[in-house]
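First the structure, then my questions, so here it is.
For clarity, chains are labelled A, B, C, D, E and F in written order, and residue numbers in each chain start from 1.
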């Protein structure tokens, strides 16, 4: 049975739209690119979308990478278009960075580094979640 | 440069044929079945092939499984044909079993449980290795 | 009314598609309004008409087809994912695409997501 | 003479195929006798003639084709793996299979393995 | 804002389950399915169960565990697919860890 | 019977590298390539390097590491693809961990 309370909560939370969790490293599969395509289409339809980077997904954000050295088209460069698509909420899991001995040096601006609990809370404020 | 010593060693070691390492659980991908197909074709061509089970691959050997409960064709039953194909060397990594709290109860006979060092040595005695 | 949209990213020859099918069929039987299934990444391979799975193995595609017919369940494949995986989507009378599937763009995923009360990925 | 056989299990749209190609081409340039490449599992998708990868992305299949022509490098696809992935292999004049590839059974893998000094998987 | 977590991967092979646990909230529920059933025997499960005052509901799809010959634990609820469908709507959203 | 180990997966995500290390012999060599380059920063690498009297040669494909902005370590040899081809024949066999 569905209570009307749940319905209200749903409608409220819908404001926060879709969360996409990126969990894969950038240069060994299509996952990062496939997630990016979803994010950009949501942006172009003016639907709210937030990006979360966790686990090896954090490598997608790291500065000074160069996909052309391994003959791959550098889709990471398209991340700089996030502003244009009004994709403003970009979260990275601090613990994932620490585990990988990575500095908080990213190739795009306005990345929010969050501890696990806050990362979980930010994720929780979204209506739908896809993970790539 | 290739020394003639290496050549001799190669020819000797060729006696031990192909080692196949199984590293994937049985019911979530085709890897186990694909590895089995390779093993059986080597057997039917009377080429020596040995099977190694490591990591989640050890789940392929565990007794009392029933793939039909998840609507999958039970390729594990074909393991009982190994004898017919003269596939006699079946090794499982003891540490992988221990980590997963698994007993040494298998659905086929003559599985050799080896500690990591011996498992590595047995692997090492083969000319070629494929991993699935 | 509660509505459900499903995203499938696993290929038809993966045993994992059985779980996705079982979930969607259970939802349909329970009377849930499943507004569509979107096949993305390797999931797009479900629409390949030429896929030939041994007859004694689980026929995932036939089961999806059955759900489509029985419940008028919309099955969308992502055109970009499909073309990358060798399903030619450009011709009008396309013999390579299983007729149960509709060739769609990612915009369809946006529509399903915004309309659905729940979005579940498999 | 040292001979090399290579098994490719990653699909053509995976960046990992770049590494396999680079390895095989480097071996050929070094004068190694590469007796064949066997495409198994998702690797079989390399032979799908209808695969369409965006022109600004790495054209793995074209590069394999080039190696095949330049060095007469045998490229085998496993028929079972191919049919599971929607490449119809039964017709004689097959428009769905890239001409650079030979449709083979797993027996070909046995032959390559027994002939090769080294077997390398990618 | 409770979340239903569908766990489909073995924690012995990948870190998906660990990632799931790191974002888990007190009102959330977990369903172990497919290779996620193997996690019943993983140390991460022990620590999850031992979490003080945990209100997190842990479930496993019974035929998925049985197919794999995995014994379930008393604290883990055995459910079927229709329960998963029901949980989908008694929680505010679903995250699939695969 | 020395073995060349090609490591293509991140140990932060999967346990392939751990499995490789568990069968490693003293005469063996390792090549980190593709996502295996990330393992340069993994605790398993520290313990490998610290192995007493280790004769194991550890290599990384330089452009694979550089593409990923991963700094290499002094004890790890930077190599190119032609070196991998050469190592293929100076070892008795090759195992790919992917």
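Keep this in mind: contacts are C-beta pairs under 8 Å (C-beta built on N, C-alpha and C of every residue); 3 or more make two chains touch, one makes a residue touch a chain.
Just so you know, these numbers come straight off a predicted model, no measurement behind them.
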| item | value |
| --- | --- |
| Partner chains that subunit A and subunit D have in common | C, F |
| B-C or B-F, whichever has more C-beta pairs in contact | B-F |
| CA centroid of subunit A to CA centroid of subunit F, Å | 30 |
| Cα-centroid distance, subunit E relative to subunit F, in whole angstrom | 35 |
| Whole-Å separation of chain centres (CA-atom averages), subunit A against subunit E | 24 |
| In subunit B, residues with contacts to at least two other chains | 2, 10, 23, 27-28, 30, 55, 70, 72, 128-129, 131 |
| In subunit C, residues with contacts to at least two other chains | 2, 13, 15-16, 19, 22, 84, 117-119, 121 |
| Where subunit F touches two or more other chains at once, by residue number | 8, 12-13, 15, 34, 64, 89, 93-94, 96, 98 |
| Pairs of chains satisfying the touch condition | A-C, A-D, A-E, A-F, B-C, B-D, B-E, B-F, C-D, C-E, D-F, E-F |
| Complex interface listing, subunit F residues touching subunit B | 1, 3, 15-16, 19, 22-25, 89-90, 92-98 |
| Touching residues on subunit C, where the partner in the complex is subunit A | 2, 7, 40-41, 80-81, 84, 105-107, 109-110, 113-114, 116-119, 121 |
| Subunit C - residues contacting subunit D, complex | 11, 13, 45, 48-53, 83-88, 96 |
| Touch list for subunit A against partner subunit F, complex | 23-28, 55-56, 59, 62-70, 72, 99-102 |
| Subunit D partner contacts - residues on subunit B that touch it in the complex | 2, 10, 18, 30-31, 34, 37-38, 41-42, 45, 47, 128-131 |
